[in-house]
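Chain IDs A, B, C, D and E follow the sequence of writing; residue 1 opens each chain.
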């Protein structure tokens, strides 16, 4: 992940639609996944379309690394088909006159060559498209269509991936199959991706960078961890987001657990393929952190860290509050009842123990 | 009121005859349709509301008469003549025997299948012994007016058209013509009938009579029609 | 049953209808595409002008073409300067005239069909690296197939049947410009109804088969 | 500029083209709808038959219609038995003939447009309680609007311009069956080019305006 | 909720599509929400379509209460437009030629009168459609389209709601706005709804009845609580599902909490509008339950219940297991690490304390 201008994705766009204006100025990393998050109608799709060059009315600049794609001040505009990108449309946008295979081949045959090559068969297998290859899109289910759209974009060997809610109509099982694959893409291919999603789980898992859009404007933009630890964001967002921590694997334990060194302590995490010494990312949901005044014994809770209370903010339900904690350098966010907050006599500066019920390894 | 169906070659002569006739019957509504004689015959057989039918070929009114569709005898009113006509060349001194010359690369005649003027043109070309020489260069008009347009537009270097058209105000100014001897083809006998539906239409009978008047006959002659003997009735 | 003249006319007609249909599709497609995609102010006027020849009687169009293509006409001067000679009374002349007269029957369905394609599949193709020409041929054309079928059917049938223009510009030269429609017309005018019926019958049966074959290219409706 | 005959012919033509276009839309719509929705084996043969009149020369169609509608023809017997008299050489006869001849130009675009509507909006309408007739008028027809515009344009223009059938079946009776196309044709045949040009010019300008107005009903393309 | 045949929705359908066969025999309650759950391509949409009468090839019987809709054995078939249903299509299926208002009116004007009447303005406000009423569907964002689809179906005053992933492309905030409304619909209107969703949260929250589909066949069908407490279902499903408990509100506490009487104890739950004496439903996610050998003190965890371990089954991650617990009549499901399971020396029959970190009130 890098934020060197010459290496990243610069998006400075201004576009007026009917009753809506998109006005963004973003400098995004040139590798890894940037999540685009925001309520319905906030301009996520419009932003992706403008970056792709599909919005003729968009003024501004788009630059990927050292390649300028658009600079309306200079009248410069690289047409869509010359921008080496892969676009997964919100509604799949498959070619109705081609079979599934025809749709996939369409992208593969025009692959612009400089993006990473992916094996046709591997992608077909991953997305479970084997039995569907001969079908027409009109004979597919909603989720099947979306999977074909993902495969088609990947096979085009893009240098930038634009994903508009690619997993929205997939079941959890299928999501869990595809997510690791997208993670691998992120890590191995080192191509940047812009990922629109309504699912914080997906975002927390995949994204390195987070952009929050509202009413066509950028509310927040920054590295995932830093952004998630901010308490000035809308509570509904914070609650669902949780925090993301990173650490080094120090030991592999039996029972498929890993011991992770993080700033301020150690965590036990379900293994997900990392070797000792590797960096691992985990998400800790606000709801999975409880507070106690002393470490508990004889509990199935495997992780307990001494923490200092930093501040408390409102959660979206009045019975609850969000407590920001510092665990020796690692920021945590706990959602507890106001009742418990009072009963435990907590206040900023107080010491306590954070009991972490679940830590999700994010690969 | 009076409705007349008239062969296309009559267009100019008939217009003049009618303007005279109209003067004698102010208030009467008189319409003429000019067209293909054969088509008129078919239409009258199917009940077309024409009171008088002036055919370019006397055979058609005869057939109608035989079928009981006429309220009068068949009256021959004119004999048509054909001419060589061109706007690109001076046709005045030409004869059919000049047609094989290469400068006449397109020669227009009316349809030899159904247009009376076309049939006579073919007969004349054959009689003049030039048919096989000129046949590859022939273009056929659907009727005699179209044939004249082929020539007039310059697309056909020369054509065989009706004398009545060559003498018409519109074409007289352009090019010249040479009359083709009527010994080379069967006569273009033209005849009319009063149709059965007009049996009790006084205007129809009046106009049939008017065609025999010296004034009408003079107009016909002026447009190059030869006139049959007065009141000569053929059956 | 048929005179040699009938058979010559049939073959000539087939040749004419085929050549004209193919040329109309080739020439009409770019114009229809432009009409469907442009946001230009000219769009509607141009579309109206394309349909305009329809309102004039065929023989009148034929007459104007005859004059325009004649030795003194603007088109005739061009063809003569180019050493092509004059177009009237030739097969190429017939083709040109039929093109003009049948054009709207091909342009209109193509125009409608191209408009129905819509942006999404073209945008998807662009993001997959297909340039304008590429996506035109690989996306727009296949999706507009019903329009091509309709256009081909109307253009083909109309070229076979139209004879006013053909009569005027062709001069009914056997083997060169005397097509079946003229031949049937001649039979009817000559009261040779038996041959007219026969020829009409054969033309209808033949055209029916061709049209049926064209319809076979019409995609069937999708279920959802 | 114009003779009274010209003006009568213009008004008559307008009346004919309007009546025929309206009737063609009314009659053609159910047939086109059936063609677009049916899964019947008959679909393609029927579609081909609809286009079939096109391949016969207009005058020949006119001839067959004349015979069929005449006193000895099957249609003529029917109309006479019904006390309607004979159709040839009357305005209603002209209308019937033009309907038959211009039918394919209306059916084809409607057929294509109805096919393009697709199932989803009709299904959605059904789930909202719209019965077959209701959803036909509130969903299928509005969505097929481009087809209606194209069909109306082609049908209208073609009815104005066609004159072979009209000449044969109408017999060129002023005020009753002598339409502008016949009038222009007569002027041309009489070498009266000035009047032919004038009348053609007026017809073209007028038709241009009508076509432009029809195009104004064509929806513009959506952005996504 | 009732399962009397004369009152419920009977669906006995057999339908063969290209490479797919739907064969279901369901007796669903005549009120409340039935969730249709299953992987992509399992036949959820097809099943909804067939019930609506949109699949002409479907053989079998459909009956809603005392009204027979379809009985192919007797050649009986009520056409779609005579079935008083509201259908939210997976892809919205708005009328492209009508404005948003036109789309809404279309359904409202044809409302079949016997379903419950809903105020136009209320629905428009709820779904945030006010500023969009004049727009064409082509000028809406993906989520906006879906919201219009929901409003349109509701305004048709249906007697059966068929919802095909209605919330799939909506953000969490918007979902949280709409869900309570759907809940109210469920409770107040007493019309049955079939709800397809990939989100267990939504399902647990809304559904009274659960149908699991796989490859076109019914894997499980039954009341939500009973079905969620089954341990023979796929672990991926169980993990995400958690359990649902019901109890009576006994007291309102300060800090917006409610005290809930459930079989085997009491629970503290964030209030969501219930009054004392009312029944309230809560979902307890597997990840929110931890086990301890003794009750903990000085912790923010507000709910601790004595439990007996019933059985343990595999979770989808090898480091984890799912423990079924009996809390004096209430079944709970805890997801704990295998390591903790061993460390605490747990086994079927053992006694322990369930610490419940979070309880989500479901209204």
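The rule is simple: contacts are C-beta pairs under 8 Å (C-beta built on N, C-alpha and C of every residue); 3 or more make two chains touch, one makes a residue touch a chain.
For clarity, every value in this text was computed on a predicted model and none was experimentally measured.
Contact with subunit A and subunit E alike is made by no chain in this entry. Chains making contact with subunit A as well as with subunit D: C, E.
Compared on C-beta pairs in contact, B-C and D-E come out with D-E as the pair having more. In this assembly, the chain whose C-alpha centre lies farthest from subunit E is B.
Among the remaining chains, B is positioned farthest from subunit A, on the basis of C-alpha centroids. Inter-chain centre distance (subunit C to subunit E, centres taken as mean C-alpha positions): 60 Å. Averaged C-alpha coordinates put the centre of subunit A at 56 Å from the centre of subunit C.
Here the spacing of subunit B and subunit E, counted between their Cα centres, is 91 Å.
The multi-chain contact residues of subunit B, meaning those touching 2 or more other chains, are 39, 42, 146, 149.
Multi-chain contact residues, meaning those touching two or more other chains, occur in subunit D at positions 59, 63, 120, 188, 222-224. Shown for subunit E are the residues in touch with two or more other chains, namely 91, 139.
Of all possible chain pairs, the ones that touch are A-C, A-E, B-C, B-D, C-D, D-E.
Considering their complex, residues 17-19, 37-41, 44-46, 90-91, 128, 131-132, 135, 139-144, 147, 164-165, 168-176, 198, 200, 234, 236-237, 240, 253-257, 268, 270-271, 287-288, 290-294, 296-302, 316-320, 334-342, 344, 355, 357-358 of subunit A touch subunit E. Residue ranges of subunit A in contact with subunit C, taken from their complex: 52-54, 79-87, 89, 91, 93-98, 106-107, 110-112, 136, 138-139, 152-153, 156, 162.
Taken in their complex, subunit D has these residues touching subunit C: 36, 44-45, 47-49, 51-60, 63-64, 104-105, 108-109, 111-113, 115-116, 118-120, 146-147, 150, 153-154, 157-158, 160-164, 181-182, 184-185, 188, 196, 200, 203-204, 207-208, 211-212, 215-216, 218, 221-224. Against subunit A, the residues of subunit C that register as touching in their complex are 120-121, 123-132, 134-135, 138-139, 142-143, 145, 219, 222-224. Listing the residues of subunit D that touch subunit B in their complex gives 59, 63, 66-67, 69-71, 86, 88-89, 167-168, 171-174, 178, 186, 188-192.
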